[in-house]
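To keep things simple, chains are lettered A, B, C, D, E, F, G and H as they appear, and every chain counts its residues starting from 1.
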Amino acid sequence: MDNGIRDVLQGVKDGTYSVDDAVLKLKAAPFADIDYAKIDLHRKLRQGTSEVIYGAGKTAEQISGIISAMLANGQENILITRLKKEVFDKIKECPGLVYHPEASAATVGENPEPDGIGKIVIATAGTSDIPVAEEAALTAQFLGNEVVRVYDVGVAGLHRLMARLDDIMSATVVIAIAGMEGALASVIGGLSDCPVIAVPTSVGYGASFEGMTALLAMLNSCASGVSVVNIDNGFGAAYVANMINHVSDKRKEQ
Amino acid sequence: MDNGIRDVLQGVKDGTYSVDDAVLKLKAAPFADIDYAKIDLHRKLRQGTSEVIYGAGKTAEQISGIISAMLANGQENILITRLKKEVFDKIKECPGLVYHPEASAATVGENPEPDGIGKIVIATAGTSDIPVAEEAALTAQFLGNEVVRVYDVGVAGLHRLMARLDDIMSATVVIAIAGMEGALASVIGGLSDCPVIAVPTSVGYGASFEGMTALLAMLNSCASGVSVVNIDNGFGAAYVANMINHVSDKRKEQ
Amino acid sequence: MDNGIRDVLQGVKDGTYSVDDAVLKLKAAPFADIDYAKIDLHRKLRQGTSEVIYGAGKTAEQISGIISAMLANGQENILITRLKKEVFDKIKECPGLVYHPEASAATVGENPEPDGIGKIVIATAGTSDIPVAEEAALTAQFLGNEVVRVYDVGVAGLHRLMARLDDIMSATVVIAIAGMEGALASVIGGLSDCPVIAVPTSVGYGASFEGMTALLAMLNSCASGVSVVNIDNGFGAAYVANMINHVSDKRKEQ
Amino acid sequence: MDNGIRDVLQGVKDGTYSVDDAVLKLKAAPFADIDYAKIDLHRKLRQGTSEVIYGAGKTAEQISGIISAMLANGQENILITRLKKEVFDKIKECPGLVYHPEASAATVGENPEPDGIGKIVIATAGTSDIPVAEEAALTAQFLGNEVVRVYDVGVAGLHRLMARLDDIMSATVVIAIAGMEGALASVIGGLSDCPVIAVPTSVGYGASFEGMTALLAMLNSCASGVSVVNIDNGFGAAYVANMINHVSDKRKEQ
Amino acid sequence: MDNGIRDVLQGVKDGTYSVDDAVLKLKAAPFADIDYAKIDLHRKLRQGTSEVIYGAGKTAEQISGIISAMLANGQENILITRLKKEVFDKIKECPGLVYHPEASAATVGENPEPDGIGKIVIATAGTSDIPVAEEAALTAQFLGNEVVRVYDVGVAGLHRLMARLDDIMSATVVIAIAGMEGALASVIGGLSDCPVIAVPTSVGYGASFEGMTALLAMLNSCASGVSVVNIDNGFGAAYVANMINHVSDKRKEQ
Amino acid sequence: MDNGIRDVLQGVKDGTYSVDDAVLKLKAAPFADIDYAKIDLHRKLRQGTSEVIYGAGKTAEQISGIISAMLANGQENILITRLKKEVFDKIKECPGLVYHPEASAATVGENPEPDGIGKIVIATAGTSDIPVAEEAALTAQFLGNEVVRVYDVGVAGLHRLMARLDDIMSATVVIAIAGMEGALASVIGGLSDCPVIAVPTSVGYGASFEGMTALLAMLNSCASGVSVVNIDNGFGAAYVANMINHVSDKRKEQ
Amino acid sequence: MDNGIRDVLQGVKDGTYSVDDAVLKLKAAPFADIDYAKIDLHRKLRQGTSEVIYGAGKTAEQISGIISAMLANGQENILITRLKKEVFDKIKECPGLVYHPEASAATVGENPEPDGIGKIVIATAGTSDIPVAEEAALTAQFLGNEVVRVYDVGVAGLHRLMARLDDIMSATVVIAIAGMEGALASVIGGLSDCPVIAVPTSVGYGASFEGMTALLAMLNSCASGVSVVNIDNGFGAAYVANMINHVSDKRKEQ
Amino acid sequence: MDNGIRDVLQGVKDGTYSVDDAVLKLKAAPFADIDYAKIDLHRKLRQGTSEVIYGAGKTAEQISGIISAMLANGQENILITRLKKEVFDKIKECPGLVYHPEASAATVGENPEPDGIGKIVIATAGTSDIPVAEEAALTAQFLGNEVVRVYDVGVAGLHRLMARLDDIMSATVVIAIAGMEGALASVIGGLSDCPVIAVPTSVGYGASFEGMTALLAMLNSCASGVSVVNIDNGFGAAYVANMINHVSDKRKEQ
């Protein structure tokens, strides 16, 4: 863990490292090893964002330890997803930790201002899909995006979706969230002219098979421009959407 | 096979049989046993239609033998579904047999005039779903219904469906046929006010799993009023649609 | 959302709208947006019934809010399905709300008189299928149908079914409800001459796979005239059955 | 391979072996090793029948070699199942070999007279199930049983089955063969008072999933007395049925 | 429901009924309809045993009501399977009711003496399979069979099975019970010369998929003579085994 | 179909239509109905691209007819995917049609110059994945993107991928194509800082289940930034990638 | 059970038994039958280790009884896997029993010193996989191996794995443990030159299907040298790894 | 690609590289890029063997090109697996190429002498499993191992396996190959004291689901010491077995 960011950059300045070498070194580099976890400290550099803690399957002690290690390494914004209220209650003493019950997540630090480029529209088929949508919304905002919520616009009542067509059309990316037969992704995919990230949810019963039906349906969408993430994976969808919404940033840098 | 329809009816007239007994007798009654098949001769009476021959998995000899037995027993209209062209070619000498290649089916006898009650609208999501739709259309016409075809109106281009909304709205029953993600059934289910029979098709590839995805999606339709038949089962959908389209006939009789 | 029903009808009277235009406008029209839900206020007009609230996955607050919005908009009959007793207990102050434990559902307003056209027969294979059957029965009655219950007539004891054959034969539609191997649908499908809506249930164990076996079996029914809804979906079956039982109404209107 | 049956029996006579030891020795004993196969020569003794050759996946040379080894070891009756016509044609010079096309099988030696104890009834739901039924029938006859064929009695036309109820009732064992939804097994299981061996077949399409639906349905039969073998396994069903039909023989010996 | 057994038999004596008619009448006949259940009162006649109550999914009230109806109709021996201890506790006032915790079942009346014909051997692969085995054992004894238990003889330690080979060889029927990979059925099937009823259990984890792996393995047994019942279905296996163990009784009667 | 693009735009100029109205009108608008297909003529406007013909499951006549209708309506660039060589041979007289065997596709018109914004990197795990990659590459180029091919860099030999790390790092979007266990998507997802579109392929055998394993693995990628399309769907991946690569265009327009 | 090890060895000395006979006798030999379990007492001889008790699905009484029988027979080291804390608490009076909560297991007796041959490296993709890894580690140590833990090195951050490459390279066997998409096994398989035992875990959600996705992915690993055990089967992996790590011992003996 | 093996080793001698650096460099190093494939030239060093060509899904041209590149780089022994006879016929001019039809594979160069350490025993359940076994045998011999074939010893006739127990007991590793229910792996796992690599095969029909049943059964083996590879993956099993058989070599080097 001896050669930090500063050293590498200094090496570039000195001519010791080519820029390419430096990038590679930074990418291959530092993490904090706290026994049960290896915390990635340069992800912000490498992937344009700080590390997010996936809370499911981790003990309160482990989560708390990871947050401490991150804070100690200078990370200012932290997102913890899939954090049950009862686990949060055990770690709520962590400085700056705020719980977002509608998204079952917590954050440290303020969400940044949206950087003003584009809009991420988050649409759900029904009311029961909202928790997944809120995980997506919080993630997208945490990563610096403007979010527009369009909830309960499933295809069984097409006029509800039509009434929000303007929002759909104004999006840079749409996150389409639906359980049951997941048809919302196809209909939005046919109407919009931007990438659609489809999120199947486990909403439904019987032959919805905990979201598998919506997942399969979305993968087979007859509309082009639709790609899919795992069942109930609001975080993952927002993460992709954020990358898309910042594509031009990257190109400007090149 | 000794007590025919006439005897039973005579028995009712005589008071030998109550009406209920007679109905039961007729229902429990006659079929022609030709060794490899038991041909149901009173289905027309019992279920309001003549027997249909399911051609798949039967040899040309078996199909030909069943047609002969039916004709010998006075059946005038016969439908043979799932009849491959090469099997048809071996039995085309059967008197009155006509092949319908677009439906992979054959008929004996003219289709009846539509009896003028309602309309069965048959909609497909794509061009590749047409063979299933034609099996449904031929079956519905064979059973005496007016059919309206609305093809290639999948949800990826919603305006194509909207342009045919009048037809959808005028239906007594809609048969919605789609492969891939099968969203057509949900969208039509949300727009129309009549029963929708959904037919998943094996159109698609990869995670369409030969129609299973469309099947599951249709079973999970968020629109009420949708029921589902087996994959590629155009015949079955039309059979149900015909029953629905003649519901009031039955009630008039009671 | 400014042009209400009255305006539209006035427009028709004035000659501003053709009848077709008016129907389309009404169909495409109004819903109340209460943030977490978009309540469809004209479904009665559009689909011949008031909106039903699917209670599963909604909080007591959400359900209560939706009921209030409906009542405020003049809806007199409301059905809430999949409403657990403990959720009902939190909202039982809603005026006029009655709980039906056998169907895990609640209603506001009296069920209408059956409109005297046909009968919906609801048959179950076993005693354990009764909760699904009661959801179907309540729904059918809520929508104005006469219901006949024929319970515990599974095919393992065929004489139990035979003893109720008269009821089966008198139906406009049969709803056949069974778990395990779901054979009841096929046997009733072979005996009756009306549409059969098959409802697989999650009754069974081991290789019943929570109703999937019954579902698959019903989709493969060798009897024609059978269509299928989702596992345990008593509501959906009754909704379709109601549409079928009112088919002739619609035709009379045309 | 040095100690033959004779030696063992002599040892029992001499008192060298207890009866138990002898049985064990015979069971653990001889087979002919022809490199690609180990031919069981004492199965007749051990399991009351000669070895049957499962033809699928074996070359003509292998099958022919196994037959020769069996004949050389004194086996007089041989059954080869799943033998395609084109494979048979390559080995038809084998002395005494007869092909049974309806069962896709061949035999050496005459079938024995039925030993007069009970009857095995073989029932099929449809015409397409007959090949599986004929494999079962040939096997049962090869093993010395009387067979009654009851074909095309599927539950969609219950009266066809009822007309053969006497046969069903007279059976020692019933083999119930059906594809699609496999309901025949449950209905026969409810009507008969003897063991029912259910054989799912791959007859069907779409959601029949090559026989899996019938298999699952039969495993979930609501009728007691039903057990199940693999899809299309006519041989296996007949083998079990034969054992059941000879149960009392064994007890007489004890 | 007016013509009871006596009347029918009198009719035969009188010559009013042929024997065949009488059998049919008896089979088609009486059950007690207590609303939520139709209790089969002549099954003993029809299938050689009294009705067994499947306790799962029934309320204490329903089970208690069915027992009462049975007792009122003269049934002396009753078996209730899948009866949880807490449900039993609510109905333990039923006269003569005894709980068998190891089998999760209850009985009314003494088990009959084994009728001395053959033995049913019940083998398990492991200790965890014992509850299923005990359900089978109790059922077999309730139906009048001698039972031999051979527990924890899974194939991972083949010598444990070999040590009980005498018991296996002495059986009229073997019930082979195993979870995980279910290999016990194949090994016993290869060693014994009587029918083997295989019962897959839900014992295992991960890719055992709640018994599906054992089920599939048993259906594919390379040993002939094996048929299969549903996962954890100890009752069903014993029911079939009992029928097999009494096959010769039936034949003697004919 | 009477109001074309010109009319709508004129209406905007005139003040007859608001811009929003115009957009809506254009979106809801024109297609050519040629009986078996409804050809979308304004998709270029609505979704930024011309319609692509999905060749699978269409006859040569249908494809040829659709091309003609498109050409007649002024479309200059056409892509036909999943076009078998033998179908192409029947329609190769179509003016300007060029076949691309490595992609099993054909085009009319020259591919446009890459518009110079970013790069789409297409990576495959193995040699057998190349056909899917070529479908993606052709599609991306057809839509105006620069493409970099990085083939046979599967994770079993990580140094092969590392040697191409510069290309991976320079991408605007990566399309990661792999069969078998599909791990390539996760590894690239962890290394790159742009969106990764994962395409599972049907390459593999046994438990690869025709691509389902790769599909499931990719959906569960532990790397963020990965979304997934259907098995072997090179076209779909490139379509999404193109949308992402042009995101900033859209924003500039707003 | 009368001929113990001593007798057999004496027999060899005497020339009564050939060595082969002796080995066979010992293998086929002794176990303690305590009714619900047959305890294998010579497994140490036969398989080079003492019997391990699989705790899941056994009652506290059964586990306690088995431990007692083992101790009574001279076993000094006992491992009980899958032992829940609450079951342990009921049997903690057993002399010498120690609980290992991180592995959900208990042991009697000290773990032996590692015998100094090779190293077993246990790698996990994430923090949530640690419980499975600890079961493996405890088992491997119980069987006399040196263990190196390399945790939280999943492929989403490849540099974390690279940082531990020396450990990976020094292994005799690697146990690679991962949920979600299970890519860790492939990447390690490509980097290392020793056998890799892959353990899929049930870590993940949605389309991870409780570990099935990781399982399938690992079975399809594009890296050679990978074999797979059941989901979450840390014990099984360590058992195989131990055998591999002691392969040369065996050869020395021969 | 400029620094070859020699350079690296020279660097170590010179002290330029530490040994660790050298190993890392060699591992991260050279492959030949022939456009459609990246050929790994140092795998022999890195993993103790030359690269094997997986022939399935590659054209004759691609295979031939890869062989040429390997020969040009000094590789003397090459194995091509899954090579169909018709593909071989197109490339048989390659110098030194020999086809092994029983294994559907080809080799260049002589197999090395077995290095005399241990034996790999390859056992099959039936005759139809032999092709998979021969792929394993050829691979094992190509990699320098002694192979013992034990074919057709499935558990349905346990005495056939017992007769070869000496071979099983003498193995360093056993490869157990079986289709259908795959029980052979469990039985051998229980009998032997060395690692067992289980290979499920696609032999079987119906519910064998192309080998999935055997695969699942083997993963759930109740015998410890069993790990599993993909269906029909004889090569993979032999590759793992070879690694195990050479474990002590590696340790000697350390």
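We take it that contacts are C-beta pairs under 8 Å (C-beta built on N, C-alpha and C of every residue); 3 or more make two chains touch, one makes a residue touch a chain.
Please read these numbers as outputs of a predicted model, since none were measured by experiment.
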| item | value |
| --- | --- |
| Shortest chain-hopping distance from chain D out to chain G | 2 |
| If a chain touches chain B and chain F alike, it appears here | A |
| Centroid comparison with chain A (C-alpha atoms), farthest chain | D |
| C-E compared against C-D, more contacting pairs | C-D |
| Equivalent interface to F-H, taken from C-D, B-F or E-H so that over half of the residue contact pairs match | B-F |
| Homomeric contact chain E-chain H: same or different residue positions, threshold half | same |
| Distance between the centres, which are taken as Cα means, of chain H and chain D, whole angstrom | 39 |
| Centre-of-Cα separation between chain E and chain B, whole angstrom | 42 |
| Euclidean distance of C-alpha centroids - chain A vs chain F, Å | 25 |
| Sites on chain C at which at least two other chains make contact | 27, 126, 157, 191, 206-208, 212, 215, 219-220, 224, 230 |
| Touching chain combinations (by label order) | A-B, A-C, A-F, A-G, B-C, B-D, B-F, C-D, C-E, D-E, D-H, E-G, E-H, F-G, F-H, G-H |
| List of chain C residues in touch with chain E within their complex | 126-128, 130, 151-153, 157, 159-160, 162-163, 203, 205-208 |
| Chain E contact footprint on chain H (complex, rising order) | 125-126, 154-158, 180-183, 186-187, 189-191, 204, 206-209, 212-214, 216-224 |
| Chain C-touching residues of chain E, taken from the complex the two chains share | 27-29, 31, 35-38, 40, 43, 56-58, 62, 200, 202, 210-212, 215, 230-233 |
| Of chain G, residues touching chain H in the complex | 20, 23-24, 27, 46-48, 52, 117-118, 165-166, 169-170, 172-173, 191-195, 197, 215, 219-220, 224-230, 235-237, 239-240, 243-245, 247-248, 250-251, 254 |
